[in-house]
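As written, the chains take the letters A, B and C, and residue 1 is the first residue of each chain.
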Amino acid sequence: MKPILEVSDLHVSFRSQDTEVKAIRGVDFTVGEGEVVAFVGESGSGKSVTFQTVMRLIPQPPAKIDKGKVLYGGRDLTKLSEIEMQKIRGKEIAMIFQDPMTSLNPTIRIGNQISESLIKHQKLSAKEAKERAIELLKIVGIPSPSERVEQFPHQFSGGMRQRAMIAMALACSPKLLIADEPTTALDVTIQAQIIDLLKNLQTKTGSSIVFITHDLGVVAEIADRVAVMYAGKIVESGTLDEIFYNPQHPYTWGLLQSMPKLDQNRDQELASIPGSCPSLVNPPAGCPFTGRCPHAMKICQEEMPEVTKSSSSHQVACWLQHPNAPEVKSPIEPERRWVD
Amino acid sequence: MLRYTLKRFGLMLLTLFIIVTVTFFLVRMLPGTPLANEEKLPAEIREQILEQYGLKEPLSIQYVKFMGNLVQGDLGMSLSQNGRSVNELLSDRIGPSAFIGFQGIIFGLVVGLLLGIIAALRRGTWIDNVASATAVFGVSIPNFVLAGLLSYWIGVKFELLPPALWGGYEYTILPSLALSVYVIAQVSRYIRTEMVEVLEQDYIRTAKAKGLSWSKIITGHALRNAMIPAVTILGPLTVNILTGSLVVENIFGIPGIGNLFVDSIMVNDYTTVLGTTIFYSVLFLSVTFIVDVLYGVIDPRIRVSGAKE
Amino acid sequence: MNTPKKWEKNWFEPLALSEKNSEVLAPQKGYWKDAWIRFKSNKGALIGLILIVLLLLIAFIGPLFNEHNYHSQNLTITNQESSGDHYLGTDSLGRDLWQRVWYGAKVSLLIAFIAAFLDVVIGVTFGGISGYFGGRVDAIMQRILEIMYSIPNLVIIILLMMYLEPGVLPIAVALSFTGWVPMARIVRAQILKLKTQEYVLAARTMGASHYRILFKHLIPNVMGPIIIAVTFSIPSAIFFEAFLSFIGLGLRPPSASLGILVSDGYRTLQLFPFQLFWPALVLCIIMLSFNLIGDGMRDALDPKMKK
């Protein structure tokens, strides 16, 4: 598969007067053409920051890209000027955000918010842009779009707002769509509709999607490949099957175990991973998961584990992969059907 | 929306009625006769004058008569200026007051807006510091002190502008300036806060993600949303201009309504005090009413919820 | 590559739980302590606080430095510039300005503090009852608030002053006649927000009286916004007091306030500008200090409330 986005050794930090938070600490990945890649991790793991860096949406300062490359179409996005970036945002790479309530401007009509990027990138007239906006609203499944186009965000329900956001993002047929927790703020039934919509649009247009989420159920629905992030690093990545059937990293195990299961005994408590992400002001020298890892070893505290490949697509960064490490059995039962 | 507007209008009339009634009785029940200042007036002439102004009738009759006249826009006769009606006095005096007031508020709004916007966009720079210093000094220096300083330094010491009195346009500059400083302070502070908050909103990030240019984001998304809530401070600003005009007109010797009001208080001209009070109340209530309705019109969120109410 | 040592077998032994560097949460600071730290870090607020403390000290100690008092006239030494005897000079009746300025400052501050105190008592009670009981009570009280709010306060204050005998207490009363309204609005809004919280429900299930819930449970949680409002109502009271004096409705001689002194200063502005300058300077410093402190309080006590 031809890569459309290649990120290598990306380091991003946030500086305030006396502290420096190393939010992204060496992230490598690629997104192929027409591929759906999910980024999973808890809040603060750096998944949103990674892609806001790709889009260059993080405010600089306080943020600073310390190192690394973001290659898109042969160009390093970290090196582009603001004007050049503006030609890429919305046109080549589009983004939808978590909270459709706050991500739409409350005082501007939905239609005009969609038209903006059409007028900017495709040089349409206001009238043409409005017609196109109506079409787009229809595509994302908003009934009576020609009336809706004149309305304000607060007149839309949560799900409809997210549909409108998707219409805005798709307006200029971007090659890559970054969806930053697009379903988190929505009701469960609406979540499913939005996922279906994204899936359908993806098959129709063939664009690539990066799907940022902390919900593994959503990942199973939509992703081709999964990257698990923890404390500013990708700790494990692989195809959907590899991550769900043959996970290697104890953090991935924890994530999978904490998913509620239908056949779970009701008296049994939901599994959770104790503790929280380490502070990234002074990130630990070793594996950041050591403090919460049930299988932590001495070396984990001292040294960052190397990335090992268990297949051409499956990579893990964990000392348990080392030949000297004790044998630890994955708690994830392989017979479980996670993915249909 | 219409219902909301009517409701507000009704409330405004009710408030006005209460103010007028309370003011009327307060003024009429003041100790001593309104003619206390006309010293050594022979008793019969005093009686005659009181009769002439209808001040000998029972208070309730006076009130009904006064309200009757008020509905027709008649504020009665002045007690201190022989033979002149309060309406006449007000219309004579409104020109200078309105001119320096409007000039002051418009100048204040323009400068305050610019200062606030620039401060928000250049946060932490020297201009931001200048703006916040202006804001805190502007609200801390009373306008009568400022008026005095301006009159003394610019008028008397450097003779750049006339220090007082009323003549051509140059006479309006210092009084308007004295009135506008508070407006500048309030508006710039308010706009800066709003603007900083708006710039941190998610929808600004969305606009940026669409590839819009920074100038487009500021003008198309941020400014508009920052200015909507700023409409609400127009009410308090009007009050400040009114209060300020009382002293500023006094200091600069401007023949305006503020001066009339203060003079009438000094000479116990109760009809004029009452009339001017009513005039001020109507002015202030209309501004609040207009601001309220305007706010509903320009903010789509209120526009709809107001209609549902 | 790695040093050989790290590849040794014992490095791969499991860690005991106690050996893990688990996250240590920073100790939680109390609301007021935290607020004080934020307040201290605000330079303007700190300057305001220092200025006002200094000013109060001088206002009380300063008058002891010379033998004069604020009311004795001496027509042989009128309108003198500052000297070793009269630090700030004398006024048109030969009274010592140094004494008069500090006396006036104390009177102005006293009026402002009384007015602010009345604002709190009336505003908190009114707003608290309105917000806590809600329903019909609230609807009626809200109307009253709305009407009070839309009356231009200067008009009411002036009319009241024409009625009242000028004095410290009457002026303070007149000022708080409209001054309590913003306080009531703030308290009502906060109580509305707080009264649905669990701890109120808990208190109610335990049979606490309305009075107890309102004044022991709710009001203490509204202290932040109340304090902020008070800090701003003090300079506003000082301004209105000076304003009243200026238009001739203030204290009567020989008593003095900063407003009286400023307005006296105006009469001789062209000839003896210093008579306006000193009281005006002290007035501005007081206003500035309280506004700076208010800004600092707002940032410190309620980071979310900015307006």
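Here, a residue touches a chain if its C-beta (ideal position, glycine included) is under 8 Å from a C-beta of that chain, and two chains touch if they have at least 3 such contacts.
No experiment lies behind these values; they were computed from the predicted model shown.
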{"item": "Farthest chain relative to subunit C (centres taken as mean CA coordinates)", "value": "A"}
{"item": "Distance-to-centre winner among chains (Cα means, whole assembly as reference)", "value": "C"}
{"item": "Subunit A-subunit C separation of Cα centroids, rounded to whole Å", "value": "49"}
{"item": "Subunit A and subunit B, separation of their C-alpha mean positions in angstrom", "value": "54"}
{"item": "Distance from subunit C to subunit B - Cα centre to Cα centre, in angstrom", "value": "24"}
{"item": "Residues within subunit B bordering two or more other chains", "value": "none"}
{"item": "Subunit B partner contacts - residues on subunit C that touch it in the complex", "value": "44, 143, 146-147, 150-155, 158-160, 162-163, 235, 239, 242-243, 246-249, 262, 265-266, 269-270, 273, 276, 280, 283-284, 287-288, 291-292, 295, 306-307"}
{"item": "Complex contacts: residues of subunit A adjacent to subunit B", "value": "55, 57, 82-83, 85-91, 94-95, 97, 99, 102-108, 116-117, 120-121, 152, 154-155, 165, 168"}
{"item": "Touching residues on subunit B, where the partner in the complex is subunit A", "value": "201-203, 205-214, 216, 220-221, 224-225, 228, 299-301, 304"}
{"item": "Contact footprint of subunit C on subunit B as seen in their complex", "value": "11-12, 14-15, 18-19, 23, 26-27, 30, 136-137, 139-142, 144-145, 148-149, 151-152, 156, 190, 193, 197, 239, 242-243, 246-247, 250-251, 262, 265-266, 273, 277, 280-281, 284-285, 288"}
